Amino acid sequence: MIPLSWFLILGAALFCIGMYGVLSRRNAIGILMGVELILNAVNVNLIAFWRYRTPDHLTGLVFAVFVMAIAAAEAAVGLALIIAIYRTRNTVIVEDVDLLKM
Amino acid sequence: MNLLGLLSPELILLATGLVVLFLDMAFHGKQGRREWLPFVAIAGLVVFLIATSFLWGAHESLLSDMMAVDSFALFFKVVAGLATLLVILASWDYFRGKTPYEGEFYALLVLAALAITLAAASTDLIMVYLSMEFLSIGSYILVGYLRDDPKSNEGAIKYFLYGAVASGIMLYGMSLVYGVTGTTNLAQIAATFAAGKLTGEMLWLMLPALIMLLAGFGFKIALVPFHQWSPDAYEGAPTPVTAFLSVGPKAAGFAILMRVFLAAFPAFQLDWAAVLAAISMITMTLGNVVALKQTNIKRMLAYSSIAHAGYILIGFASVALDSPSLFNGVNGVLLYLLGYLFSNVGIFVAVIAFENATGSNQIPDYAGLIKRSPWLAGTLFVLLLSLTGIPATAGFLGKFFVFAAAINMQFYVLALVGIVNSVVAAFYYLNVARYMFFVPSEQESRVVIAPALAVALGVATVATLVIGLYPQPFIEFANQSVRLLGVF
Amino acid sequence: MTELFDWVRLIPLFPFLAFAIILLFTQRNQKLSTYLAWVGIGLAWILGWTIAFRAMADPHVLEEGFRAPIFAIPTGRGLLELGFQVDALTTAMLFMVPFVCLMIFIYSKGYMHGDPRYSRFFAYVSLFATGMLGLIVSDNLLLLYIFWEVMGLCSYLLIGFWFEKPSAMKAGLKAFITTRIGDVIMFLGMLLLYSTTGTLSFHEIFSEETLHFLKETMVWVPLVGTVPVAPVIAILLFGGAVGKSAQFPLHVWLPDAMEGPTPVSALIHAATMVSAGVYLVARMFPIFALLPETASMSVVAFIGGFTALFAATIALAQDDIKRVLAYSTISQLGYMIAALGVGAYVAATFHLITHAFFKALLFLGSGSVIHGAGTQDMMEMGGLRKKMPITFWTFLVGMLALAGVPPFAGFWSKDEILAHAFEEFLHKGVASWPFFVWLVLSLGALLTAFYMARQVFLTFYGETRSHHMHAHESPKVMTYPLIALAVFAALLGFAGVPEEFPVLGPLFGHNFFHHVVGHAYPATPLNWGVMGLSVLLALTGLFLGWVVYGRNPLKHGQPDPLTKLGPMYTLLRNKYYIDEFYSKVIVRPAVALATLLFRFDNSWVVDPFVNLVGKVGVWLSDLGRIFDLNIIDGIVNGVAAVTAWFGKILRLTQTGKAQNYLLVAVLTVLLLLGLYLYLPM
Amino acid sequence: MSLPQIVFLAVGLITLGAAVAVVTSRNVLHSAFLLALTFFGVAVLYVLLDTPYLAAAQVLVYIGAVSVLIIFAIMLSRKVAAPDLVQRNSQWLLALIVAVLLFGALAYLTLQAAWPAAKQALGVDAIGGLGQAFVGTYALPFEVVSVVLLVALVGAIIIARER
Amino acid sequence: MDFPILTVITFVPLLGSLIVLCMPKERERLIKQFSIAVSFIPLILSILLWVNLDKDAGIQFEELVAWIPAIHVNYHVGADGLSVPLIFLTALLTTLSLFYSSFTIKNRVKEFFFLFLLLEMGMFGVFVSLDFVLFYVFWEIGLVPMYFLIGVWGGPRREYAAIKFFLYTLVGSVAMLLAIIGIYLNTGTFDIIQAAALRPFVENFTLGALAFWAIFLAFAIKVPMFPFHTWLPDAHVEAPTAGSVILAGILLKLGCYGFFRILLPMFPEQFHYFAPVVAVLAVISIVYGAMVSMAQWDLKKLIAYSSVSHMGYVMLGLAAAAFALGSKDMLTSQAIAMNGAVFQMFNHGIITGALFFLVGVIYERAHTRDLKAFGGLASKVPYYYGIMLVAGLASLGLPGLAGFWGEFFVFRGTFAIAPVYAAVGVIGIVFTAAYILWKVIQHVFLGPFNEKWADLRDMDTYEKITLWPLVGFMVLFGLYPPLIVDTINAAMTRLLSGLM
């Protein structure tokens, strides 16, 4: 039997790894990957909780599915924006994208 | 009332959005007909507002408690509708020549309004998450709408990255809430805590949960320190979008913040009230102080809107639902939002008008505006006064109520910080006035305002003054709108 | 009967109307202005004398007084009633003031002839007449104070009448401010009296119960402690008298006041206004005398006595014909004050009246001399006796009166003072202030006689000491008043002949003046010894004067024999350097302090943040960019500086790099988390 | 230690390892592929949680999404995937610390809570339930999601489409 | 009386300003004449008001209409012996200012007259409103037009002065706002009279003290009292003539009025407790203001500082009255002190108003205000000299002119209650005399004539017309004070006996 906490720890780890990626990657695609990791961590949490706490309501499960869908939508928009940036600046290095400041 | 009736506002908005979208395709290449799209959108919004008004007084929970139709939600429907209406007027000839996708813009705007109405109504964490994402994604697109303008899509990508991560964090928090309580329905969450079956260790887990939720909401409202995306996004975005962002998502954020915290976590009020009070002080101070140094009016307004979020938060931090006093905090927030909606959007309309005429957003370029367009200068000044909080304007009413709430809860320090800030704020608002009226302008060319903009500006100014001079109905409106499903 | 006395209200009104009409309408027309002024004062004079003589015959009025209220000002639930009155003292003054005024008004026509601001002169003097007349008829201290100040204003305007002359304009200011200092002290006295007794009207103050109440009441005075209230009030009020009557130490303004036209000197700075101080003390005498053994009387006596002698000494060494008279005025006022100080109420008032006549005469005489000789420096004059006989003879009368030579007016009044002082001294013994008073006044009498002799000899005898002098007698309009005044200066004394005096006493109605004014006070017994001494002193003085200046008159270029006194002479000539002392110790420091305060206001108070801005703002290089440079300083920038500083710091966080923003956000989450995790523990 | 636990540990380690590699690799292409591996690992965890269909969905959706990512990576790799290019920014160390601390806090809080050790048997038919939930209880969210997808689609086109 | 006279007085100027707004800005003559005509309506009405005032009846001409029932805010206006003279003063000075400005204001005429009428409304509003919120609204509204009058038509450093003025006043008023809310939460009403009757914070002194100081700050800045006076010199010096006149003549009175109408009735305990502090500040203001103005070489700045000194008298009287609260036998002295204070307010209005006009007159011609630059003008411009002399003498409190009575009563009342303060304050009188006669009269008018001004013009007719009424009142009230003191005294006695 796997204790719930194992899943949770893994989720937390995934979350933090993703967070690190988001904070430390220079290029937009890398950051996007980080975001995806975070969302997966959330899903792990949701499903684990569902399974262990309230298996007879599907809330967690449904939530996870929605998260997936939204993640896809987000990815789509995000990539579109990356393309636009790439067009205008010919770069995807986020640090270099700082016309707007102060 | 039947389901369809209760959902009618949302459905109308959805329909309007889609219709505009399809008409835009249908009219492909027929520029002449595309001119009509804004009218369609406006018509839709008007119908939406009417439908909303019919629902007044409804107090029900729909679709297996996914969303509520209560006065609180309806209030925000109104706010969303008005804001969008004004913004559409404001963006009338803004995009001409800037983008080929004018029609979609109106559609997206209307759908964003829909997102706001959903957000204000949702009573389930899932709905909260979805509506917020809905709004966010719409906003990203709107900010990046001028895809060939480097500033525009830079603003968008920053907004996007920040938003994606923020929502990720919030989502993690939600997952924890779900894990602890086993439900995502706000009322049931509250019930679980009320039942008191949860062990201390479990409750411990609520800490990261609440903080992460706060991070997510804070991002939407642009509360310090989750505000940093906003100046860049605001400056980069097309000005009408900035106008929308400065009001719509903020309102939605506050709606969600209040509903979630009041409906789901009243048990923790002591904790979050303290944090929110602190955040509100930091927020308004930082917003004002940094706004002082801005020379670009859009950026100045971005910071000022951060500051205003701080003022509004005073109201919610000192919320007192059970107190007999008239100043229960929430009504302060609502009144403030109402006034802020008109004043701020109005100012943005003026800014757009100026931008359309001169192509500049630099405050010094406003020199001698009184000569170049007395009415623009005059109305802009009135609206600035409203943001400063001078009596006889809507802004004063809001400040009055939130300060009153703070004093009512004996948060004297909070109130004090608030007034000190409103003085500091006066300084940069007056600075604009100073340029408009005292500093002579280099060029004498008149600034002409498009009719649509003139209408929007007029409406905003008149509304600001009316609310300020005869607030009675609006106060009643707000007082009734305090009726949250499952809270009151 | 009463109907007539009710008319007292009009007395000040006539000249006031004259003033108003002249100022507003007839500036252009000099003749009309003159006649208006004359009519105004003339009517006042007629009415004044009618009332005065009626009153003299009416014991009721003399004892009780008659009051004619004007209006009342509500004070909370009570009232502050203001009005005019006729009583003994008023009667005496009413006899003197309007007449002297009239004379001088007439005289002025000649003296001011051809002056560009001729009409305004008459307007001012009419206003002055209003003030003086109002002063003597007011029935309460407040009204008295009001007219008192009005006179102060007129004196200011008239001294500075020729304001193109810096000396004149400065003198006017000096007069006003100096007297104002006294007035403020008096003002306090009035406030104290008012808030103690709750009334300012004389008859209420002097009513039995009020006086008794004042006797009982004590008051706490800073630095002094708890003392009876009466002397405090008295001394404070006396401050006003010191200012107006130019007593030491506030005497400095009067000599400078001679910058004004001579009629003004005669009217204001000899006959009437300056004696208002004495009048005040006389008026409030019951309060001064309430507790005789306290400081109230002795202070008065000392100040008066000291001033009398002190001014007399200065008068010795002056060359300006008017300044000599000015100091003699100060000295004579000292006599009156001192007299009051020793309780010689009647004598003081009597001397006040007589002095008014002969001093006015002397001034007008000197004016006529100046008018004729075109200079004020006695060292340049000489031998004017033949050129202007009328002036000479009248002046001589005045001089003898002042010197106290019997039977001229001055003799009787001065002698009465000395006699009274001596009387008191006999009661109180050598160690008492009446002795001091008697001593200095007698000494003063000697000096007075001497400097008057000096003046007369220098002016009228010998040969003229300046070649370009074509002196001529003054026109009739100037000489007639001289004659009229001379008559009074010669004969008025008989109104106050001591009762016991053989022949004259009974002849002149048993000391008529005392019977008018002093019903409440015992008459001073005749004292042959004192009288003899005073006559002797006067004659000695004159003799010495003749010895030094008369026997062999000064030639041109010859120095004043008094220079032989050496440093003493210099000291006197420079009036003991008191002006210099004041300007160094009081005026300059005050101005300096003001300037200092302003600097302080500008640098520190006006903008509490200025310094902060100065410092912070400097290394805040980009302060100017936010607001235009023309809004740089002040609190505006205080706010600006502090906040801009924050702003600068905070803006640094706005790097434009999305990931920095995110880091901040996550850090915050972590922070809050840590906070909440570690707070409970 | 039971079999599932061993499987969990193995998969978990792989997943996390892959994840770490994703966020550290200097080559975007490698990151992309490793990301796929991570997702796969998560999918396996779903299986362990008795939701194979969700695992399937995971594979489909994410591998789909990831493939898109990979395409981008390749498309832009000329510029961003050059091996000499440093892939982490100046604040990476701070980011690392933050991440570790955050993990510490979360782990602490998770572990100190008393969780039900065992999961009871799955009563409901999850797949069917899910299907009904989407048209029943969760109809509204479902619709919303569809609108969101539409918006995202339109937006993506507007922003990304070639002229 | 059923005719809503106060409402008419207050809002006629607003109406006028709106009409002005709609006029074409080329028609300057029309705008000027119209505005002046409009300003006459409140003037006449305020005279009627004074005539019809029943001085023993307390608050009269009341109008009470629900305005914001939701929070119990009413449109509640009324007047009594305290406010009526001030209303009249406002009307008078505004009319004169408009008349004067119609000759001197050359640029942006329309805006000027528009703002000026707006300002008038604001000032009337403060004097008539008996509801806190209403009061606050008018209080703040007055700020805006003044900000523009200084900022647009002011002197070289006008922008600085304008912003400084605005911010200073704002600081005070926002503090007041909090106190107002506090009072409401304590008493449940925004009605000034009722709230005062209910004595807020009577049970919680500390909280009351907080509120007291909050409101005190607002009013003290406006008055202005010693440490808060610092905006005044700049504002006055930079403002256009008419602006300075209104600023000194009326805006300063708003502060004093607040003390009388709100602070004293509302917080008797606190005021009594803190009276020494207030009195000390007042005395400092008197002496300090006088000395600082003696140090000035700029005529306008000198008069500006003199206002600080003269307002000090007002505050001293008030403080003294508060000082003696509770001691029954002091009523007379208190009443006298407060009569003096109010009378002094009125006098300062007409006197300083006149002085600022006079400064304007000379500045119009000489384009300098440097006292050193003049000299000997008396013979050149006798008429101007005469008027200035009268005004100056009135200002230094010469008996027979209005100024004296105010000071006399203040000192009389104060002396009976707190002699030491009075004794110190009296020093101010000497210095006032000094700076008026020495700095103003002597440097400008006396001494040898400065040939530079050989072609200086004496006063024009319009300037004479502007100044005569003011001079007239100085003399009238100087010679026959009961005319106004009757009115004031009744109100003050009533107020005090209410606090006993």
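Each chain carries a letter (A, B, C, D and E) given by its place in the written order, and its residues are counted from 1.
The rule is simple: contacts are C-beta pairs under 8 Å (C-beta built on N, C-alpha and C of every residue); 3 or more make two chains touch, one makes a residue touch a chain.
Values in this document were obtained by computation on a predicted structure and should not be read as measured data.
*Asks:* Starting from the defined contact criterion, work out which chains touch subunit C and subunit D both, please.
*Replies:* Shared contacts of subunit C and subunit D: A, B.
*Asks:* So, comparing each chain's Cα centre against the centre of all protein Cα atoms, which one is closest?
*Replies:* Centre-most chain by C-alpha means: E.
*Asks:* Hey, which chain ends up farthest from subunit E, C-alpha centres compared?
*Replies:* Most distant chain from subunit E: D.
*Asks:* Compute the centre of every chain as the mean of its C-alpha atoms, then state which one is farthest from the centre of subunit B.
*Replies:* So the chain farthest away from subunit B turns out to be C.
*Asks:* Which interface, named by its two chains, has the most contact pairs?
*Replies:* A-D
*Asks:* Measuring centre to centre with CA averages, how many angstrom lie between subunit B and subunit E?
*Replies:* About 43 Å, centre to centre.
*Asks:* So how far apart, in whole Å, are subunit A and subunit E when each is placed at the average of its C-alpha atoms?
*Replies:* From the centre of subunit A to the centre of subunit E is 66 Å.
*Asks:* So the centre of each chain is just the mean of its C-alpha atoms; given that, what is the distance between subunit B and subunit C in Å?
*Replies:* Measuring from centre to centre gives 77 Å for this pair.
*Asks:* Need the CA-centroid distance for the pair subunit B / subunit D, whole Å please.
*Replies:* 32
*Asks:* Spell out, as numbers or ranges, the residues of subunit E touching 2 or more other chains.
*Replies:* Residues 159, 163, 167 of subunit E each touch two or more of the other chains.
*Asks:* Scan subunit A for residues touching two or more other chains and write them down.
*Replies:* Counting only residues that touch two or more other chains, subunit A contributes 8, 15, 18-19, 22-24, 31-32, 34, 48, 53, 62, 66, 70, 73-74, 77, 81-82, 84, 94-95, 97-101.
*Asks:* So which stretches of subunit B touch two or more other chains?
*Replies:* Within subunit B, the residues that touch at least two other chains are 126, 130, 133, 137, 140-141, 144, 147, 153, 156-158, 161, 165, 169, 207-208, 231-232, 423, 427.
*Asks:* What pairs of chains are touching here?
*Replies:* According to the stated criterion, the contacting chain pairs are A-B, A-C, A-D, B-C, B-D, B-E, C-D, C-E.
*Asks:* Which residues of subunit D touch subunit A once you look at their complex with the stated criterion?
*Replies:* 2, 4-5, 8, 12, 15-16, 19-20, 22-23, 28, 31-32, 35, 38-39, 42, 45-46, 48-51, 54, 57-58, 61-62, 64-66, 68-69, 72-73, 76, 79-80, 86-92, 94-96, 98-100, 102-103, 106-107, 110-111, 113, 115-120, 122-124, 126, 129-130, 133-134, 137-138, 141, 145, 148-149, 151-153, 155-157, 159-160
*Asks:* Could you please specify the touching residues of subunit B with respect to subunit E in the complex?
*Replies:* So the residues of subunit B in touch with subunit E come to 325-327, 370, 385, 389-392, 396, 400, 403-404, 407-408, 412, 415-416, 419, 422-423, 426-427, 430, 434, 437-438, 470-472, 475-476, 479.
*Asks:* Contact residues on subunit B for subunit D in the complex?
*Replies:* Against subunit D, subunit B makes touches at 14, 21, 62-64, 66-67, 101, 104, 107-108, 111, 114, 118, 124, 126-127, 130-131, 133-134, 137-138, 140-141, 144-145, 147, 153, 156, 199, 201-202, 204-205, 207-208.
*Asks:* Which of the residues in subunit C end up touching subunit B in this complex?
*Replies:* Within the complex, subunit C contacts subunit B at residues 625-628, 636, 639-640, 643-644, 646-648, 650-651, 653-654, 656, 658-662, 664-666, 668-669, 672-673, 676-677.
*Asks:* Under the stated contact criterion, what part of subunit B meets subunit A in this complex?
*Replies:* On the subunit B side, the touching residues are 125-126, 129-130, 133, 137, 140-141, 144, 147-151, 153-158, 160-161, 164-165, 168-169, 171-172, 174-176, 178-179, 182-184, 231-232, 235-236.
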